[in-house]
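Below, chain A partners chain B and then partners chain C, in two separate complexes.
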Partner chain A sequence: MKYGRLLFANLFRKKTRLVLTIGSFTIALFLFGFLAIVKEAFTGGVDIAGADRLVVINRTSIIQPLPLSYRDRIMRMKGVKMITFANWFGGVYQDEKNFFPSFAIDIHNQRQVFPEISISDAEWQKFAGDRQGAIVGAATAKKFGWKVGDRVPLIGQIFAGTWDFNIDGIYHGTRAQDDETQFWFQWDYLNERIPEHSSYKGQVGWYTVRVEHPDDSVNIAKAIDAEFANSPYETHTDTEKAFAAGWVKQFGNIQFLIMVIGVVVFFTLLLVTGNTMAIAVRERTSELAVLKAVGYSDRFVLLLVMTESLVIAAIGGGLGVALAKLWTLAGDPTHGMLPLFYLPSRMIGIGFGVALAFGVASGLIPAITAMRLRVVDALRRV
Partner chain B sequence: MAIPVIYNVRSVKARWTSAVVAVLGIAGTVGIFVAMLSLAHGFKATLVSSGTADNALVLRAGSGSEMNGAVTLDQVKVLEDAPGVARGANGPLITPEVVVIAPFPLRSTGTDANVQVRGVSAKALEVRQKLKIVQGRFFQPGLTELVVGRNATRSYSGLSLGESVKLGGGMWRVVGIFDSGGSAFDSEVWCDARVLNQIYHRPDNIFQSVTVHLTSADALKQFKDSVTTDPRLTVDVSREVDYYDKQSKVLTTLIVVLGSIVAFIMGIGAIFGALNTMYSAVAERAREIGTMRALGFGAGSVVVSFVIEALLISFLGGLLGCLAVLPLNGLTTGTMNWQTFSHLAFAFRVTPPLLITGIIFALLMGILGGIFPAIRAARRPVAEALRSL
Partner chain C sequence: MVRVDGGGNSSLIQVRGLDKTYRRGGEEIHVLQGLNLDVDKGEFVAFMGPSGSGKTTLLNLLGGLDVPSQGSISVAGDEITSMSRSRLTEWRARHVGFIFQMYNLIPVLTAFQNIELPLLLTKLSKSQRRQHVETALQIVGLSDRMHHYPRQLSGGQEQRVTIARAIVSDPAFLLCDEPTGDLDRKSADEIMGIIKRLVKEYGKTVLMVTHDPVVAEQANVTLHLEKGVLVEGVQSDKFAGVSV
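After this line comes the complex of A and B, so read on.
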């Protein structure tokens, strides 16, 4: 730390430039954080999918229903611990733009299959005893200002009409990535109101099966599909992870798109900051030459210049990821269009590391130039 | 008195390294901005071109999307006799349709993606006149035959002309390929609606939507008034174009919002870059500026001159960014259409208005990055500037 003051004086030589360079790093890392958030929004479901859960859908397609009678048949199969089912409801609140995932669920086994959901027993009991009851995720409740005890009408887009619900409880996820936007109500309520002639009467959308041992899941999936082969309702069973990954793939090359943007952004900003640092060193050529003339080694000059750029990168990068993290805590700017708005700490680490790496890379060329400087030439230059 | 522009051109040339960096910074920003906009634009254009102004789409009241509709055969008969419906050789031009989705493996990744399968009536081609069969023939009513959209046959394995595929428990033969001129139908597979209902164990005489060809685009009001007041019908009528425009809204908005956020943040970064470049330019040229002021150029001319230089750099950057994204035009990509849960192929559309937007964005960055250094340059006292160094 002996040379701290020298470093400090060099950094603050031009305050505007210091602010702008740190600002460039901050922006690059903030953008990195933003892209990580978007990527997480699309692929987050895959990471948190339960390893011990299987999803059973109609082989024909996800929109075709399955009979309720399959529940007991699957439950009897070896290795199956618990089973629950749900229907996609597709309701909106007041207007089409107020969309959130809404499901008609099985009130008996939902909590056993999805243990990561946290809700008080008292609220759940009330919900189970209320035919028009609903449980809503904390994020959606906050978005519309719903409280327990409110009466909320949803407009059914698949199942026509207006449906009234009583908010009996609010659920939270136990992990930061858990989806807190869902809206659940009793499957019985849905089934009651479906007209007799509808092909959805007495049918469920899909089953979620919890297995005893995750290692058996592939075999159990095969056994379930074999059980219902050649019936009018053939099934397609997959692990929850594969199911989630399948959805992500259909969105197209989101990952690729984000990577391309990321590379362009970093390349651009690296160039800009690298250039600034090069200018900063060039301006000081004679000073560095004086340092060398009074006896400081080449390595010292190299380290001095490198440290300077590292400090800038660390401050700027740290600020950038911190801002991105703060942003996720403040709320989602797309108003619920992204299912998740979360920055994983792994990405914070990667981002900060990338910032330091760019700090080294952009300081390297001017630092080497400074190191190679011939004292005589440099002193003569002015 | 104005400082000649040639001075700025020469200065840029003299300090080309930092100018190149600033140009690239702005080019990158503009490139990303225009690319995201053209993605959103392409998606929207694909869906919107699926509709035509003289077609009307009839859905069950309140259903919002075709996927959720239900229109009975009795209601279809009522619609056929409604005023404003065009008539062809085989009676009214109207097609009651059923839509399901079916998983097919994508050629690119080998993983399944949902394809929209549309059951139509034999008159579908007369109703949707933009659509042409380019290979093979149209399906025979009553048979398990498929005609496949141009993009669908390219994107999925098993959907080439002459192949047989299993779908909903039946075997189907692909007998034709159709082209709808780049609309969403190109990602679809079509067959006979009644056969599809049978194979999917659906009620025989319930359809999800009805598309009607009108005598003219102006006939919509007459048709709509007549069917919405008919007590036998509980339906919503929309112009086909408007329906697809609404369908494209969610994803288009998402891309535009995300793209704008990225471009905005990058824009700030690029402005910082331009500021840095211009500030150093001003610092390095203190003596030049002082000399010019001493020669009698006013402070205003110095500001204008530096802003012009920043604009020159940013214009080059904008131009380069636009040129870089031009090859994207027409590049086909695919995504899930959130409204139908099915996969939809669409192409980037880089249009002149988007390019102009990009250039304007670049110039804006140039002004913001150039104005403060320019003011600083003009404010320096002449004598001090001349004495420096």
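After this line comes the complex of A and C, so read on.
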């Protein structure tokens, strides 16, 4: 640390420039964090999708229903361990901006098919016995200040009218990526209120099938689709991962878009910080020459400049990533459009690593220039 | 004793057949040509000469900041012309103190911190370093300015800090390139007073480049460089044993 004073005195030589350079790293890394959050929001479901789960939808479109009778037929098929179903409800709370995913679910098998969901048995039992009962994710409950025992009305966007529910329980995810924004209520309650003449009466939105062995998933999917081929309700079955990936694709190539934005931002950052470091070295050429004259080695001068660059990158990058993380703690700013709104730990690490890499890259040429500086030439320039 | 005929054999500094040639725009410029020099310990030598005569080049070569095209330089038995760049850097740290015309202090460090710089390369403890710096400051008479930044010092005071930085690691000899070139007469006299004290009281060997005859007069010996060749020498009345 005996060289710390020299290092920090140089760093703080031009405070405005230091703040602006750190600021450019902070903004770039905040943007990196933002892009990582968006990517995760769109693709996180793909990463955590159960390898042993299949999703069965209507072959025409996911908005077309499937008969409830398919449940037992699928359940009887070889390799199927459990099956559950759900309907998209699409309700909002008080106002359209208070949107969150709401589903009418099968209360019997939901927990067996989605074991990663954590909720107490007592709450689930209460929910199962309450036709107007609802289970809500911890994030949504927190957002609206709901607690068990509250009665909340949802306005149906697809199934018109006001629907009253009793909050019987609050579920949590067991992994950081698990979506804690959903709202579940009994499919029976939905079905009761659907008019007799509606095409949705007695129909479900999709089935989720849990298989005995993930290796059999593809064959079972084919068998399910074959079972219902040439029927009025043909099916399209996919693994949950493929289903989630297909869902993301509807929004375009998010990964590519994010990569392009990221490359442009970081290339610009490299030019800005590289130029700044080059100016910083150039304006103290004579000082570096004096350091060498009094006995500091070329390698020391190289390390001094590189360390300055790395310190700027570490502070700026760290701040940027920290700001992005703080932003996620405030919750999804889109009011439910991005239920997986979080910055994964690995992306924090990658972000910090990227910042350091750019610190090295932007400092390398000025540092090599400083290292190669000949004392006599440098002093002659003064 | 100072000799320029190549006849000495036990001097602190021995220069033999020193050539330095630069190539500029396809033309070879012979800055130094077959220069010989012997300087004993404790001598104070001034180099004078017109611009471009090779004074600063000679000083740079003697300080290991530049390498000759031909010839050899030996300091206290160390043949510095055959040293690698990194070894030469280490050698400079131990044996040479530099005093520049433009001071070349680091503006973001205080006087104390500037003087301490060469000591950071040593194994001295923090308190030992402090002791050395305070001694150097005392010698140049700037103990009360140790926490001032260069911008808070006058030109003469800045040059005194430079001298303190040059002597803090107790080098064998000092190289001064126009040490008073940027100072008024009064400050110049003060600086020369300090340099002379370093020679007389501390036994330092000083090699100085100057344009100023008044300054040069204060050295034991004045050597004139013209077009890269030592052409004459002047011995101060105060000193004996000069052979040119």
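Quick note on the criterion: the second predicted complex is superposed on the first by the 380 of 382 C-alpha atoms of A that agree within 3 Å, B and C clash if a C-alpha of one lies under 4 Å from a C-alpha of the other, contacts with A are read in each partner's own complex, and residues count from 1 in each chain.
Following the convention adopted for this analysis, contacts are C-beta pairs under 8 Å (C-beta built on N, C-alpha and C of every residue); 3 or more make two chains touch, one makes a residue touch a chain.
Remember, predicted model here, so these are calculated numbers, not experimental data.
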item	value
Partner chain in contact with A:S61 - chain B first, chain C second, else both or neither	first
Touched partner set for A:R5, first chain B, second chain C, both or neither	second
Which of chain B and chain C A:F267 touches, first, second, both or neither	first
Partner chain(s) touched by A:V38 [first = chain B, second = chain C, both, neither]	first
Partner chain(s) touched by A:A160 [first = chain B, second = chain C, both, neither]	first
Partner chain in contact with A:Y296 - chain B first, chain C second, else both or neither	second
Chain A residues touched - chain C or chain B, whichever exceeds	B
Set intersection of chain A contacts, chain C complex versus chain B complex	none
Parts of chain A lying in touch with chain C, wherever the complex brings them together	2-3, 5-6, 9-10, 12-13, 286-287, 289-299, 374-376, 379, 382
Residues of chain B touching chain A in the complex	17-18, 21-22, 24-25, 27-29, 31-32, 60-65, 67-68, 100-103, 106, 109, 111-114, 167-169, 200-203, 250, 253-254, 257-258, 261-262, 265-266, 268-270, 272-273, 275-277, 279-280, 333-336, 341, 343
Chain B-facing residues of chain A, complex	16-17, 20-21, 23-24, 27-28, 30-31, 34-35, 38, 60-64, 90, 96, 155-158, 160-161, 197, 199, 232, 234, 246-247, 249-253, 261, 264-265, 267-269, 271-272, 274-276, 279, 333-334, 337-338
Contacting residues of chain C [partner chain A, same complex]	60, 63, 65-66, 85-86, 89-90, 92-94, 98, 100, 102, 104, 106-109, 113, 117-118, 120-121, 126, 165
